[in-house]
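Chain nomenclature is as follows: A, B, C, D, E and F, assigned in order of appearance, with residue numbering initiated at 1 for each chain independently.
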Amino acid sequence: MPRCSVTRRVHFNAAHRLHNPKQSDEWNRRTYGKCNNPNFHGHNYEMDVTVTGEVSGETGYVMDLDELKRITERVVLSRLDHANLNVDVPWFRDVIPSVENIAVVCWRELRAALPAELALRLRLWETPRNYVEYEGH
Amino acid sequence: MPRCSVTRRVHFNAAHRLHNPKQSDEWNRRTYGKCNNPNFHGHNYEMDVTVTGEVSGETGYVMDLDELKRITERVVLSRLDHANLNVDVPWFRDVIPSVENIAVVCWRELRAALPAELALRLRLWETPRNYVEYEGH
Amino acid sequence: MPRCSVTRRVHFNAAHRLHNPKQSDEWNRRTYGKCNNPNFHGHNYEMDVTVTGEVSGETGYVMDLDELKRITERVVLSRLDHANLNVDVPWFRDVIPSVENIAVVCWRELRAALPAELALRLRLWETPRNYVEYEGH
Amino acid sequence: MPRCSVTRRVHFNAAHRLHNPKQSDEWNRRTYGKCNNPNFHGHNYEMDVTVTGEVSGETGYVMDLDELKRITERVVLSRLDHANLNVDVPWFRDVIPSVENIAVVCWRELRAALPAELALRLRLWETPRNYVEYEGH
Amino acid sequence: MPRCSVTRRVHFNAAHRLHNPKQSDEWNRRTYGKCNNPNFHGHNYEMDVTVTGEVSGETGYVMDLDELKRITERVVLSRLDHANLNVDVPWFRDVIPSVENIAVVCWRELRAALPAELALRLRLWETPRNYVEYEGH
Amino acid sequence: MPRCSVTRRVHFNAAHRLHNPKQSDEWNRRTYGKCNNPNFHGHNYEMDVTVTGEVSGETGYVMDLDELKRITERVVLSRLDHANLNVDVPWFRDVIPSVENIAVVCWRELRAALPAELALRLRLWETPRNYVEYEGH
């Protein structure tokens, strides 16, 4: 059977700040600039969730995209949407919520929730002009 | 001379929450749902700043769009970009930072900074699927 | 209070064909070309639902956009999404489902479901390069 | 019959420079900056051509959008697409090809080619972040 | 010579339904939900056709994108645009027209029509939020 | 540490023509069509600059995207934005400024300016429907 990648795009929005508590305030301001604002700022995040596998002869699907959407809503969006990543989300207790780290953490959570035979990669936009891709390496 | 509308699209991102301090916590949760999160959430805002006026025979411009961009950066973006609207921005001390009110406040500030003979309207996207228009009435 | 327009963008997809049963097959082929295919074709429709009114001092809203979304889902999307407009939707029994007429019919249904003090207009995309606007005149 | 606006989006790309030959080189450099480059620069232009009129009960159309596309291709795109606006296009012999003036000139040409009972307006993007609207006043 | 990938984006719209005739009606409804509507629904499809090869020193092209567009129009769009995939297109007589299978079938047809030294991959959007990628494995 | 790709999208616009001076005028017209216009035409170019590397545990970054933007502005945009590629840019003295070659040249310049441990790839849109990808092979 042919192998395809299928993608479902999802949306969440959240507040965050970039801050490394092991470094000085001066280091944080110099490194992160406006993104270090102690009162937080925020973004609309768009995430492409892509799974790769064989097309089923029975359904014509690699995976039912409504099922992929439901899993993503349960595993990721229910925790991150309309949240403050630094304050509300335990995943970022010891992890700086940069767009790179958000993608890595979402990938690990989705990886554990998806069938092992499907490869997984994510593309996460933080703004319309910045995005990150991660596929688990 | 012909009258045209010219638009410059600008971007900022910010944290906010929707909360009316004159109402009970229960009223706020019921009215605003997830947008009432006390720890804030955030958005990428895209704003179309539109001015209408006569095309100059000398320049071919209604207004130099680089100048419109600079005014918008000075008057609006320098205050709102990477800010917490509720905490960092005095404009919202007594105004709930709904997308409607953000548009109204930005319009008033830009109105005061632009030549009186140019009409002004704004379109402000809070997410890729929600936006507000305001032209001063 | 200031008057704003607030917009919620919604999505549906549907099959249709353009055919006027009072005209000959020849007239229909000449008038509608490929859009007259008797076996139907289809589109992803994106619709901007815009209501205009005063911003409430209590909520900061013209109208709760989640409520506008729910009304649109109940009144319009539940009938049109994943449907064959010609066959499944009684609204088009005697109305040709051109993008103009889809917009007019959706406007009438939404008009009846929305508070009378809010003005209503729709923008309906049939493809990324074609759209219709209607505000009830 | 209801009155709708229907829009067809078209594309052209072109070279131009902004230069007023009645002014000094110094005035031109100060006024237009990089847009005054004597060797030209260029853009992808996207234009929304919008006509407003009554929906026909016979066809369901305000106007056949394929016909609107063909008229726009004949009247506008055949002259501007892949052209140097300053050098190749007589319309700009004595008119500075600012985005405002391009919109005004296209409007006049399309106005003369379209049925008088249909109102006409244009929206012309010069970049993804700048656009002009003109409706003939 | 350097190896690049060049892409031409094309558009078609079509009606379809998802239905496996070897399974029961109950299985089909449970598996496909609204997409099983016996009267069909439809989509605007956007397809990125990407070929990879060496840049010619003589032309600066991997392949003339106008030629790639013409081949795609002849091989794919002439058959799928404004069609009912289940009824009008023999390719889907025994193949369920899921977005995965549409991509696989288009890939095979384009593969046979393109020079063997150019690698081919497709990205096919079924809605603005769902897409499939296929490169022939 | 996990390896991510991070992308910054940048914009420039420019005039160019496609012309191979070693070939006859007839060959050039036949090969390039309208793109051979001796008076030039132009485009808005959007370029995704993507670097791949390990996420730093100290900053949460693969690379500071503001730094990537500054390098891209200095190395590429300062030379190409609002320029005539054939006339103003020495890189294209002996290279035809096709979108393929623009991508290859930008890649080489950026490669020399970026840390060696970061992999680099570019995606360059010449119009909203055409783009090239290059990663240095």
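Quick notes
By our rule, a contact is a pair of C-beta atoms (placed from the backbone, for glycine too) under 8 Å apart; a residue touches a chain by one contact, two chains touch by 3 or more.
Because the structure is predicted, anything quoted here is derived from the model rather than measured.
With contact taken as defined at the outset, there is no chain that touches chain D as well as chain F.
Of all chains in the assembly, those touching chain A and also chain C are B, E. Centres computed as Cα averages put chain C at a distance of 41 Å from chain F.
Look at where the CA atoms of chain B average out and do the same for chain C: the two points lie 28 Å apart.
In chain F, the positions touching at least two other chains are 128. The chain pairs satisfying the stated touch condition come to A-B, A-E, A-F, B-C, B-D, C-D, C-E, D-F, E-F. The residues of chain F lying in touch with chain D in their complex are 11, 13-16, 34-35, 37, 39-44, 46, 81-84, 87-88, 127-128. Put simply, chain B touches chain D in their complex at residues 2-10, 50, 55, 58-62, 64-66.
By the touch criterion given at the top, residues 18, 20, 23, 31, 33, 95-101, 103-104, 128-134, 136-137 of chain E touch chain A in their complex.
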